[in-house]
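First chain written, first letter: the chains are A, B, C and D, and each begins at residue 1.
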């Protein structure tokens, strides 16, 4: 850790801080300069959390040298983690596509959609039973009934199922009916929920929050992994910026960044990432081209009647065409999509 | 609601949509133009949620006329809501200051801080027992023990106490020890938690999320009020932008905006809003000057040893000076701070 | 145009505004509702600029139906514009790559770089003679000398040359030495400069500003085209967001959006878009995959000694490898890169 | 400057870099750690620009210790700069208000507005003759005729006049008719223009760009001051964020930040900063309360007919009321507004 002192800090101030650094078990370093004095703290700087050096009134700036995540870091584990999601492999050289409606609405629609996406080559299905909605007056999901529908459809089609969990108290129930948990963007820093899914051994798809940096996402993954569940899949789904032409700004730069920093698989949700049906296919291909390990994508047997996010759901025939096009890009990039 | 059709939409498409609008109980309106056809839906457009008109492939853009919040709206209730927080009034012509450390750490520090802020004229105390932290390796709060300390200090000083609640399951416990709940920025869209505090009758200070618009904040307040708890206090605490000179960008524009749109009181947290001790006082005064109903402010008997956010906590003597300066601004603005 | 009136607007207020709309040559429309009155203005709403309807104290919100750009719009011209940049075609089914150092530094380096990128298959070279730099103490470019070097190298290699112009007064000089102008992000709304290059007939690569929406970019292109120069190439190069892991946030969503709205070609600059050498290749491939018409990419014969932006410049061997990989993606997408 | 090396950097790499640092005239420092090696460069690190250390493939991160601005820094000059703008003092203990329409439209309106704001106590007038507009189809200002009107009105009322200059080539002309230049947000990084006004001795009001950090603003001021013109006034006018409730997000945090870092005066433009007439007065008072040295504010004798920005212009009677309210806040803060 690098500590820059304010211009008016004296040698005595520096000494006080150097002593603090040493007391935390780190090697202190003193670098007096012309305009500023700089201190260093060499060692596992995560220990410095204990001494709150940034609180000191004569400290101008503290710059960490090491990242604050550990277990998810590629420095700890060089090779890619490959997560087994009910038979579908995510990570390594695989490109994996999970498709389905935003919300589970009725068994017929869910089954029709699942059959369609299976035929087009999808590896898993998705559908929300618990829907976090900005308005208390919007459709909030079917709850337990939705979980059962999803489970039935998964059994009938053989496709593993992913569904969102919104509260620590629901984890046991959701675990019973789904092959993987999804943590939504709004709950990325609901730390109780992260700890709860961390105590499960089922895979967790962790979506990036709308105001979360890629490092914040890694810290949230660290919460889950540090509880003992290493089956975490990160998901880029767009961040909030000034641009209003699209619902969110899909930050694909985060893909090479995350793939460099972590061994966990990284997928992309181009449906929420754009919010516009016509842009889903191009951004799905872009995600594959820059190194994502797969996609989470909204498909609905009849988007016109979808109860949420219908304007961004693909029609089954659009999804089918996309899968053909994706296959070419995935091959060009040297991955496999089977 | 105003519905703009794509250029290639036909009269038949328009008729299909007009029928849908009528079926939802709204008055349909047809406005053919030179380059685009525009439809209108007159009435309580919240009903339109049922028909998902934006999902239609020939709809280019849907613009709501009415806001989606109702109960918190000033159109429903013209006069200011005044919330009674354990004797301290928030809203109306009052300017109310709640001060204390970021986290409850130890009874001596909490009591020293509470006595100091009381002497300077604060109306309530704050301190977190459950701390949501980005890193699993950071101090997470004392939990139940922290609640008891806070409660003891509140009893000894007579100052009402505010503390954060992070999960629906904790609401009953927190309610027992505190005079008001705080919902943190990361949980502003934890809808289960909003519903849970909505079923209490104790006041709720709802902080704006880092990527939440002022309208999103109002929708989250609507969740609480629609459960029956009208004692909601909104809190601006900074949003995330590209600027890194300060920890967050305090959006004071939101104060006159919110005061126009809602009857609920609005307070400001200049400590998180700036993240820099030296900027807390100027921004506290700015908050008062643009119409905020009060402040949530971090003060610590000894910020150098604070276990979280020490670099943004005021020293008791700084807080005392600020209260004197604030009194002048509050008077200039025509409010009262007693 | 849709005009929503404030709740307290009377019939008389509505009549005043309806008259204004009619006086501007548009068809007025009156839609009284339960909570709000809505007015419509049917016709070429760009005429409404004259009457400043949004200034009226009883107008709550004005929503345009039509976009404010005309000549660059795909509604005006369905088929893609193909720009001829000194022999290199940009747009249509072509994928075109322009490569070179950030700044022209010395003839040997420029020539070495140009020869290298030519061998790898680049279609044009780039290099700045006038460098807009945040600090007055940074290298500002070689000026006229740089233009001459660029011109010599272009003649020797046969690759057309693109270079930045920063002021209207320089347009004539730059035109003499280069095959195309580049307008940098900081000058995207330097309207005098846009008008000046609009009076030339040489192609203009117009970069998106850091805080500009895709629509703002189209409006700036409209400035150039409305002066008579239709040879405009749009360039996405990243916007400014809260994310600091990369220098900018490359907004690839803008590619399908712009390709839908305009007939002009759209290229991507993954060098500024990421600011990190290792992310340039993946994002270049993503740009190709989502429909971009080409790339503007920084390559330097020896990035270690580059005078600006060295950390984001590719080494010639990295560029060579990228061109091979790109060829596969471009083919997968159905375009040609010859 | 602190240089963190990548984990795979060897002692030889470190030595190469240490030699580079020494060759630039700085004192090199070597700090080997457990997971990373850190290097330091002690001295005037602005010299490091020459050696492009961040370009090195084994450098992970470079953190400057010193700011990159010098002449505008409060470390160079402790006491406030007080700028004389045609008799009006800006900076020090003064609170100075410059008011007028967005654009100069006609002499009668300009004169009526100037007389009104003078009566209410304004210290100067503003009005644009050259208007940078997003659309080529919007009113672009009266040009030279506008300058003459402004000059006449200034002479008749005795109020000094501020007007925008948009191109280096116009500086001489604008200087003839106005008491101060305004550089608009879109031109904050038009470095040629900054250099041109830097060669004048008339005051320059430099507005912050929509995507510019406070430090970027200081660097742009450094361009002007380093050309010899120290009469620079900084202006916060809102940045672009995801919030759409207001036209821009007024970043008042920047006021205490800038006042700490620079000796130059800092004013606020609450008209562009909010874009909503009703929020101008509260934000004007907030600006005064957090330490701004004055305001730039839009007032129009008849906003209903204003040719640009009418929806954010105050009516003369609103401005008059605001000046009375402001006087109380300015007094509470200990400044004077005469």
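Operating definition for what follows: contacts are C-beta pairs under 8 Å (C-beta built on N, C-alpha and C of every residue); 3 or more make two chains touch, one makes a residue touch a chain.
Keep in mind it's a predicted model, so treat the numbers as computed, not measured.
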item: Neighbouring chains common to chain A and chain D, by label; value: B, C
item: Classification of the chain A:chain C interface as same or different, half of numbers criterion; value: same
item: Most distant chain from chain B by Cα centroid; value: C
item: Of A-B and B-C, whichever chain pair has more C-beta contact pairs; value: A-B
item: Euclidean distance of C-alpha centroids - chain A vs chain C, Å; value: 31
item: Chain A and chain B, separation of their C-alpha mean positions in angstrom; value: 26
item: Centre-of-Cα separation between chain C and chain B, whole angstrom; value: 39
item: For chain C, residues that touch 2 or more chains besides their own; value: 211, 239-242, 244
item: Chain C partner contacts - residues on chain D that touch it in the complex; value: 46, 49, 52, 54-57, 59, 68-69, 132-140, 166-169, 186-187, 189-192, 209-211, 216, 219-220, 222-223, 226, 239-240, 277, 303-307, 310-311, 313
item: Chain B residues within the chain C interface of the complex; value: 2, 4, 7, 29, 31, 33-36, 38, 40, 42-44, 63, 65-66, 75, 240-242, 244
item: Interface residues, chain A side, partner chain C - complex; value: 211, 213-215, 238-239, 241-246, 249-257, 260, 273-274, 276, 278-279, 282-283, 285-291, 325, 328-329, 331-333
